[in-house]
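Heads up, there are several structures right after this.
Below, subunit A partners subunit B and then partners subunit C, in two separate complexes.
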Partner chain A sequence: MTRRTMRMAGVVLAGMVIFLPLSSLVIWSFAEKWYWPHLFPQQTGLFYWAKVMQGDLLRALTDGFLIAIVVTVLTLVITIPLAYVLARLPVPFKPLILMIFLLPQAFPQLPVFVNSTTLLYQVNLGGKLGGVVLIHMVGALVFAVWTMTAVFKSVPEALEEAAINLGASRFKAFYSVSLPLATPGIIASTLLVFLYSLDEFTGTLLVGSPFVLTLPVYMYRTSVGYELQVASISALMLMVPGIVLLVLLERYMKSEYLSMFGRI
Partner chain B sequence: MVEVRVENVRKMYGKVEALKGASLNFKSGAMTAILGPSGCGKTTLLRSIAGFIQIDEGRVLFGNDDVTELPPQHRGTAMVFQNYALWPHMTIFGNVSYGLRLQKVPEAEIRRRVLKVLELVEIGNLSDVETRKPAALSGGQQQRVALARALVVEPKVLLMDEPLSNLDAKVRQRLRAELRRLQKQVGITAIYVTHDQEEALALADTVVLMNQGQIIQTGTPQDIYLKPGTAFAAEFLGVSNQLEGEVADGKLTIAGQTVSYAGPVRGKAVVIMRASDIQIEDPAATPRPETMALTGILEESLFLGAHYRQYIRVGRIVVMADSADPRPTGAVRLVLPSEKVQVYGQP
Partner chain C sequence: MRLSHRLACLVIALPPLAIVVWLFFIPFLSSAYLSLLREDQWSLRNYYLVWRLYRYDILYTLWIAFFSLVAVLVIAVFLCGYLRIHINRPVEFLFKIPLFIPFVVVGHAMRVLLAPKGTLNAALSQIGLVNMNDPPSIAFGWIGIAVCLIWKNLALAVLLVLGSYRSVDETFLEAARNFGASTFQQIKDILLPMSKASLAVAGAFMFTSMLASFSVPLMIGSGEPPQMVMIDVFYRINYQMDYGTANALGVVSYLLAMGVAGYYLRTIQKGT
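Moving on to the complex of A and B:
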């Protein structure tokens, strides 16, 4: 077998691994009648797509995006100054601070979220958008603090010193040198946080149900109700922002950021 | 143009004392090179003058102004960094004009001064400096831009932290000569940190030799090179042989061989001989007066481009000697004028 045919075989195999499961989603979303032992649906049509568009899906879509946007903005506002300080200044107990952000991820998620739910209901945030935003931020801050600290570390300190040396204040040096140079990394980190929030399931279900509905929760509900068509459609819709944002992410992510993780 | 003085400057990093009370005057309008091995405190001293490091003790003065407590923004120094530290997201013009923009200089004057200084540092093509970014330039060109960025604000003091050490040898030599010309032309007080002795000697009006957080010797390049005050200075300033010896009864013993010695040192000593000062003779030749001679076996001869370096075994030690021609291996006599032998007592 030549190299070329081997490569072809590899591409085909990879394509099958990725696209076969997806194609079953697509087929299911159009299936109106599909019983065993038929290989393909006996009857196809747009019935379920139409049904979905009238139902809760739109609410799940808007709520999900609203939560994701609020989570992203809040995370950025908190993380940019925090990550800059962690990257630049000799903060005492730096490893400890970074560890605290990791801590919620170190335990099994379910007990953490169940406990948080109890707490959030006590302060009257359970079943509300605000509560879901808070529970998302527990995870989002981990991504954001770690990646953005690495991003700011990857901007050489001498670049800021050169600005300060010529008379710039510390803030001006940050604003005119470090921030523009960190922007691609901040965008990458923002996209990660946005996607995380959009796809988050466990916390949203526990804290938000039954009042807050996002796409993953909606999909879960429909699939346990054996409405496989509806679940497939929502899965397909959930994939769209993911694919779009990952393509963007690939443009902005630089390998330097990853190499900085070890040096935080 | 201002004289820079540091008085008894001390700096601790944790338990390591980086500067152990350095006092020095940097002459106004002159180029002073701070020379020393890595970790000797030379960069710490430079950064203390720039204000990036808060010193633990002592004072830094620009003329009559005590700037010890002044933050770096307000000191009026300009620094040229080893890795250029140009801002990659700004154009060449943007980089050089940054300092003037901070000073709120009118736009027309910014343009005039930036173009003038870019011409001064011979950046070449001035037509596209407003569109090109530093990454499009070679290392040497980038350092010229960095120098322009520093000079355009007309700083009181120009600080340079190993500005040429990232460049290849040819560019380094050319920029060295240009730096010297520029500094004389502008007449600015300049402080230049380097670990390269050749660079320090070639560039500076005054060379300051540092080791282990202390200033070892200060003088003109000629003074420092020809009359090194300590064994460290002699060793650092050239490819040299550093041999252990012992002085007793007007005799100096090196590797079991005895030569006459009339200097002040007694007891254990360090003997420094420059490889370029040593001549190699046939051992049968008649000895010359006013010279010191050692006999040994020439083991190897390496071609280094400008000269051959011979390795000669004398007892347990190996002595290096440079000559224009290669020599066959075998027994030789090493000869050098007595005044070129530097003997230092061991502390």
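Moving on to the complex of A and C:
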């Protein structure tokens, strides 16, 4: 075999491994009648797509987006100053602070979130949007603090010192030198926080049930309830934001950021 | 630092720290506390119940995680070796896709694909490989869970292993090629030994995430024992409201994760 055909064979094989599981979702989302053991549905159409547009799916979609936007904005606002301080200043207890932000990555989340749910119910946030936002922020903060600290560390300190030597205050140096230079990294980190919140399942199921519905939880319910068409449509919708992000950011994304994504 | 600066740092650090401490650190510690209480009395009965009811589930979970991890690492070692030596960007891109597909979606997709009357069996029965009247069930068992975990984690493994292979200097590979080394030999004798440390780190990271996997076994589990540990914790809370045993099982899962974390730290310190 020539090198060229080897390469093509590799692409075809990889394409099959990746797209075979996903293709079933596409077929199922258009299937109106599909009897075993036919390879393809007997009748296809947009019936279920039209149906889900009126049901709970739309509510799950809008609630999920609302939660993700709130989580992203809040996380960003409280993380940027902290990340800057951690990257630049000799903060007291820095190792301890960083360790606390590492814990949720190192240990299983579900058994911890079971107790977090109890705590949220104690302050009357269980089963409410606010509670879901807070539980999403736990994971989002871990992710944001680590990536943004790295981003600020990569901005050369000398530039800031030059600004300060020329008479800028520390805040002015941060605002007009470091922040603009860190912007690309911050944008990447922000998009990933948004995606994390949109895809979060465990915390939403525990804290939000049965009142708060996001797309992953809705998909879980419909899938185990054997509403396979509805579940497949939800699954496809869940995949769209991630794929768009991957295509847009593939070239710019550092592998450390991407690797955080293996967890969702 | 001046006192006012210290105060400013504190104010800045407080809100994010408060959220993580309140909703992760305290609940994490209270797992240990609640696991030692039974009807408001100090007791080890929860751990006894874990031993009696769940010891096989713990082994089952370890088995799935171990099997999936070995499979992912073996595939990644050779796939990345191929991608490092013969550059193939489209394949590299394809293997990034699963990173952005959440575990729940993977679970559902595999459920549709691998169920007894799923798409894969339908396709195989067309060419006579599968008996339509008694189709095999790959989903709803440990293999189904393992397939999901492997599929999703392979993306992560390819990313990390390929990164570390790329940091191996090209001259080593050239030298080996000059002596007539095949692709396989270049992987086995150069790339793999020089990336051992990052392979161990990636492995430890994936192993804990596999132990803690919840949405995948929830989507494609059979609902009958044996179950993965996270499912047991969830059912114990949801159906029995038994926080004591659930937390004891949680503590066991932390200890398993910690064992791996210890190994991971040792590998980093050795710096090999």
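Quick note on the criterion: the second predicted complex is superposed on the first by the 248 of 264 C-alpha atoms of A that agree within 3 Å, B and C clash if a C-alpha of one lies under 4 Å from a C-alpha of the other, contacts with A are read in each partner's own complex, and residues count from 1 in each chain.
To be clear about the criterion, a residue touches a chain if its C-beta (ideal position, glycine included) is under 8 Å from a C-beta of that chain, and two chains touch if they have at least 3 such contacts.
Predicted, not measured: the structure shown is a model, and the values here were computed from it.
Bringing the complexes onto one copy of subunit A puts subunit B beside subunit C with no clash.
When both complexes are overlaid on chain A, the residue A:Val177 reaches subunit B alone and has no touch with subunit C. Of the two partner chains placed by superposition, only subunit C is touched by A:Ala231; subunit B is not.
In the superposition on chain A, contact is made by A:Pro156 with subunit B only, not with subunit C.
When both complexes are overlaid on chain A, the residue A:Leu22 reaches subunit C alone and has no touch with subunit B. Once chain A of one complex is fitted onto chain A of the other, the partner contacts of A:Pro95 are absent, as it touches neither subunit B nor subunit C. Between subunit B and subunit C, more residues of subunit A are touched by C.
For the combined model, the angle formed at the CA centre of subunit A by lines to the CA centres of subunit B and subunit C equals 90 degrees after rounding to the nearest 10.
In the superposed pair of complexes, A:Gly167 makes contact with subunit B only, with no contact to subunit C. Looking at the shared chain after the overlay, A:Pro210 reaches neither subunit B nor subunit C.
Taken over all C-alpha pairs, subunit B and subunit C come no nearer than 11 Å in the superposed arrangement. Put simply, subunit A uses no single residue to touch subunit B in one complex and subunit C in the other.
Those residues of subunit A that touch subunit C in the shared complex are 3, 6-7, 10-11, 14-15, 17-18, 20-25, 27-28, 36-39, 78-79, 81-82, 85, 89-92, 97, 100-101, 103-104, 106-116, 118-120, 134-135, 137-138, 141-142, 145, 195, 199, 201-202, 216, 219-220, 223-224, 228, 231-232, 235, 238-239, 242-243, 245-246, 250, 255, 258-259, 261-264.
Contacts from subunit B toward subunit A in the complex involve residues 50, 52, 72-74, 77-79, 81, 83, 85-89, 98-99, 102-103, 149-150, 153. Against subunit A, in their complex, subunit C makes its touches with residues 1, 5-6, 9, 12-13, 15-17, 19-28, 30-31, 34, 82, 86, 88, 90-91, 93-113, 117-123, 125-126, 132, 135, 151-153, 155-156, 159-160, 163, 205-206, 208-209, 211-212, 214-215, 218-219, 230, 233-234, 237, 243, 246-247, 249-251, 253-254, 257-258, 261. Put simply, subunit A touches subunit B in their complex at residues 156, 158-159, 161-169, 172, 176-177, 180-181.
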